[in-house]
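Below are two complexes that have subunit A in common, paired first with subunit B and then with subunit C.
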Partner chain A sequence: MESLVISKENFPELINTIIKSYRLFAPTEEKGFSGFNIIKDYLEMDLSYLNSRMPPKAILFNQTETLFLMEPGAKGSIKSKAISNEKSAIFAIRPCDAKGFRIIDPVFLGDVIDPLYKANRDNSVLIGLSCNQPDSSCFCTSFGDSPASGKYVDILFTDIEENYLVEVMTEKGKNFVNNFGRFFTPAPPKEIEAKNAKEKEAIKLIKRNLKVEGIEEKMDKMFNHPIWEEYAKKCIGCGTCTYLCPTCHCFDVVDESTLDKGARVRTWDACMFPEYTMHTSGHNPRPARMHRLRNRFYHKYSYFPKNSDVIACTGCGRCIRYCPVNIDIIELMNRVSEMEL
Partner chain B sequence: MTENPYQPSLATIEKIKVEVTGERAIKTFKLVFQDKEIQEKFNFVPGQCVMISLLGKGESMFAISSSPTEKDYLEVSVMKHGKNTSALHETEEGDTVGVRGPYGNHFDVEGWKNKNIVFIGGGIGMAPLRSVVNYTINAQKRNQYGNLDIIYGARTSNDLCFKDEFTELQKRDDVNVHLSIDVVEEGWEHFVGFVPSNLLKVKPPTKDTIAITCGPPIMIKFVIQNLLELGFKDEQIFTTLEMRMKCGVGICGRCNIGNLYVCKDGPVFSNAQLKNLEGDM
Partner chain C sequence: MVDQKELVKVAKETLARKDVKYIIGYKKGSYGFQTSAAFAYTPKDVEEFIFTPLCNKNLAKYPLKEEKLPLKRGEEEDKRKIGLIVKGCDSRAISQVIQENGMKREEVVLIGIPCPGVIDQKVIEKRFPNQSEITEVTEIDDDYVFTIDGKEQKIPKQELLAEVCKTCEYPNPVLYDIIIGEEVEVNPKAEYEGIKELEDAPLENRWEYWEEQFQRCIRCYACREACPLCYCSTCMADLLEPQWIRRSVNISENTAWNIMRAFHLAGRCISCGACENACPMDIPLMELNKKLGKEVKEMFDYAPGLDIEAKPLLGSFNPDDPEEFIK
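Right after this comes the complex of A and B.
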């Protein structure tokens, strides 16, 4: 790992230079929230954000995506979709959201490779920006992570007042930085210390903790516990938590067609909706909101650890921040953790 | 180019056989891949499934109802029920559908050699079992298995699928067919009553026997209960489960029971597995 610095004075020019050779996604102000968008100029970027409302998972796993094209009908035909290999850089992704990709990698790049996700993943450089000001819903530290972790990105930027400390974490990151070498100088020890100090301060700002220790084993015994019904009574089934979650990866596949043109399309879907599991016969394995809410928490804290050895939650806090009825995953899971059985 | 697992291969509907008419119509579609090489390479084991789509309408998962001993085609037997199955029922011979697969695990037909097999099917649930029936009665395979008992029922005689095939099987002395319908009909010579009751009447011996069942969930429940009552062990009982599916390869998330995905970890489960499986079914 290599540590570099870039002065804030030179930073705008770096961004505008990257834009010339990369499709650059960065946080911009969007209807009063922050969202990752392709920017054409440094000035469009808004770094005064805590985090984007929609996680940048939408960049690599598009909300709506064509799987292939077709001529519809009983005498129809199929036309493969050309997969884009455009080079992208995602700038100022938070460590929690970058971890989201690491969590869903085994789903999309496991026994069966999803070619769309793979192309986007391979062609994207993840450039993180440390959270110096985590908010009251953040809890990445519960999973042993840090708001200034470079573990899941190719390059990590940290705002250290006059400069950014730039930590190059991967080979991909190194190649990227080499393209823009003139902007960077090796980091003197005091700048590295400055980052460490920022990180410590940021960690101190995270006040909440989700007790993950032994939670999977606890859940093995709680499938029929009344706690799920209790929380389901509050839930309105809107699905916001799933759409804004950096690790929710479920999707629907539908055919969209006119008389002579068509496509098979996938769109994000959510286990909070009854139609998601409804059989054609009318039978539904998850007919009640309790079943659906329970499945969401089990998927993240029990099924995912069983299948991929990792809890499918990054502590980004979006589901807490945006839930219209204030269902708080930390509160719920801590009750599970502390449950006397 | 990377292979796209969501993109089907085109197949031609070579033949459509009407199995059941009326409200719960069933048709068997004989499909042949348009690319000869794909057809030759298409290998599966009874119990596996395929995604079938009519382009522009949508895609659904079906159990393959033909036996892999028939190498030149595959068959699916489809009950007309929703949007996709209704569209399929409107197709004609010579039409094109998309097919991808095979998906999922399978019945352990290799491991069941020298065993007796009891098939217990209800309605369209006979479709995946038919693949095993036709596999085990194949001229090259029949002597590898012991007694074959087929217990099959439907609501009415009209709802029985593969009627002509069972009529032929009844003429053979190396297969026992026990048909049933739920309510009395004039001229019906076989059992009247639900499939689980017919199972108790047939009372297949349990020694060296495998029981495989598929049908409506309520039927499966009582069939398993009755098999256990007859002395079958959980490890001898197998069923194949159904779930709404989209990707077929364990990515889209919806067909889970607990941490298992029916599309790739199933659809075939032994009762020993099912007993330990906690999840929404």
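Right after this comes the complex of A and C.
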């Protein structure tokens, strides 16, 4: 790992230089909240944000993806979608959202490789930006992570007043930085200390904690506990929590057609929708909201760690912030944690 | 504001009735300015009930969401009533649903609370983004008063009040079994003032405006699920055969979804703003609903959710209708 600095004075030029050779996704402000978009100029970028409303998972795993196009009839044809190998950089991704990719990697790059996700992942450099101002729903520290963690990105930027400290974390990151070497100088120790101080301050702002220790074993014994029903009562069954989650990765595949052509399309799906598990026969193995809500929490805190050794939650807080009925994963999981069985 | 002790007392009395299975009210939320729906089965549960300016969710959705799973052998259906705390808008929602035969009057016991308006959750959270401690807000004269980090905040009511409440014509419950608290004075402000600017804009600008809004839609259906008038057992958006609205999330399908929903609420929307509050992408859905509400009011002199005996607007016709197509 290498630590560099870039002055804020030179920063706009760096961004504009990156734009010349990369498709650059960066946070922009839209209608009072932030989202990742392709920018064409430094000025479009807005770094005065806590986190984007939609997680950047949508960049590598699109909400709607056309898999192939088809034409019917005797001379019918199938046209696969060309896989793009355009080089991209995602700038100012937060450590929690970057971890989201690490969590969903085993799903798309495991036994069966998803070519679309793989191409997007391989062609993208993740450039993180440390969170200096976490808010009331942030809880990444509960998982041993930090708002200034470089663990899941290729390069990590941290705002240290006059400069950015730039930590190069991976080989991919190193190659990227080498292309723009003239902007960076080696970091003097005081700048590294400045980052550490910022990190400590940011951690202090995180007030809420989800007690993860032993939770998986606890849940092994709680499948039939009334707590799921209690929370399901107030759940209205929308897809906000899943669509805004950086680790939720379920999808649906449907054919969409007009009279003379069609497309096979992959779209995000949400386990809170009744039709998510609906069988063709009309039978639904998760007929009630309780079954669906329970599955969501079990998937994140029990099944996923069993399969991939990591809890499928990064502590980004979006599901808490935007749940219309105050279903709060910290409150619920802490009750599970503290439950005497 | 209603006295909490009285609320608990009335709720307890209601819960004690043999024909009531549980009561839905509000309780403190899990952090900051949140409040939560509370399902009270025992007198102890009822003690958690609150009613504050933060009780901004429409509870009328919950009786409609009650799941009727297949009964086990020997099990009998629980036909007792659901108790429900209703503000003006919530009571209108229930009233409209009853009018449409979506529910029977005897299925619910309504505890009405005259509502001086509630706080817009998004506005207050944006203003105090780091408030993780559970915070109670009280209304004193024309201010909202609460404490943050030991410091008293006094914010003028108009700055935090939900948009729909600013022009609410029915803050007092229109349908109830028991009422608590004193009647609230009706705001004289015109209900459709908020959409005037948009109405006056040229067509192209309006189209551009809505395209920009619908572009953001992620089709999570939070609007539908939060709306007390969206209670179809199968929503057309979920149908695959025929596929009225495609699953693809793009401007065309998003527009189809949002316009379809707005039209299905014409003459039915009771202006509670639950859809807009629930929308994670901040789409101003109430502007659409208000516009259709206004058309309905002007063309048919009809306002939904006021009278359970009235005929639903789009379920009735008049032989004297001046329009040609009806003859």
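By definition in this document, the second predicted complex is superposed on the first by the 336 of 341 C-alpha atoms of A that agree within 3 Å, B and C clash if a C-alpha of one lies under 4 Å from a C-alpha of the other, contacts with A are read in each partner's own complex, and residues count from 1 in each chain.
Keep in mind that, in the parts below, a residue touches a chain if its C-beta (ideal position, glycine included) is under 8 Å from a C-beta of that chain, and two chains touch if they have at least 3 such contacts.
As the structure is a prediction and not an experimental result, all values here were calculated from the model.
> Fit or clash for subunit B plus subunit C once both are placed on subunit A?
Subunit B/subunit C on subunit A - fit side by side.
> Between subunit B (first) and subunit C (second), which, if any, makes contact with A:113: first, second, both or neither?
The answer is first: A:113 touches subunit B but not subunit C.
> If you stack the two complexes on chain A, which partner ends up touching A:271: first (subunit B), second (subunit C), both, or neither?
Once the two structures are laid over each other on A, A:271 reaches subunit B alone.
> A:94 in the overlay: touching subunit B, subunit C, both, or neither? Say first, second, both or neither.
neither
> Should A:218 be classified as contacting the first partner (subunit B), the second (subunit C), both, or neither?
neither
> After lining up the shared chain so the two structures overlap, which partner does A:63 touch, if you call subunit B first and subunit C second: first, second, both or neither?
The answer is second: A:63 touches subunit C but not subunit B.
> Would you check which partner chain A:252 touches, where first means subunit B only, second means subunit C only, and both and neither mean what they say?
So A:252 meets both subunit B and subunit C here.
> What is the contact status of A:135 with respect to subunit B (first) and subunit C (second): first, second, both, or neither?
second
> Please work out how little space separates the C-alpha atoms of subunit B and subunit C at their nearest point after superposition, in whole Å.
It comes out at 6 Å between the closest C-alpha atoms.
> Which subunit A residues contact subunit B in one complex and subunit C in the other?
Overlap of subunit B and subunit C footprints on subunit A: residues 252, 254.
> Under the stated contact criterion, what part of subunit A meets subunit B in this complex?
67-68, 70-78, 80-81, 83, 107-108, 110-115, 118-119, 223, 249-255, 257, 262, 264, 266, 269, 271, 276-281, 283, 285-286, 291, 295, 298-299, 302-304, 306-307
> Note which residues of subunit B are touching subunit A in the complex, please.
Contact set of subunit B toward subunit A: 1-8, 10, 53-60, 81-82, 85, 91-92, 95-96, 98, 217, 242-244, 246-247, 249-259, 264, 278-281.
> For the complex, give me every residue of subunit A touching subunit C.
That would be residues 30-33, 50, 53-54, 63-64, 135-137, 205, 207-208, 230, 233-234, 236-240, 242-244, 252, 254, 256, 265, 267-268, 270, 273, 275, 287-289, 320-322, 324-326, 328, 330-331 of subunit A.
> Report the residues of subunit C in contact with subunit A in the complex, numbered from low to high.
Interface residues on the subunit C side: 29-32, 34-37, 39, 57, 61-62, 65, 67, 69, 125-126, 129-133, 216, 218-222, 224-226, 238, 240, 243, 246-250, 274, 277-278, 280-282.
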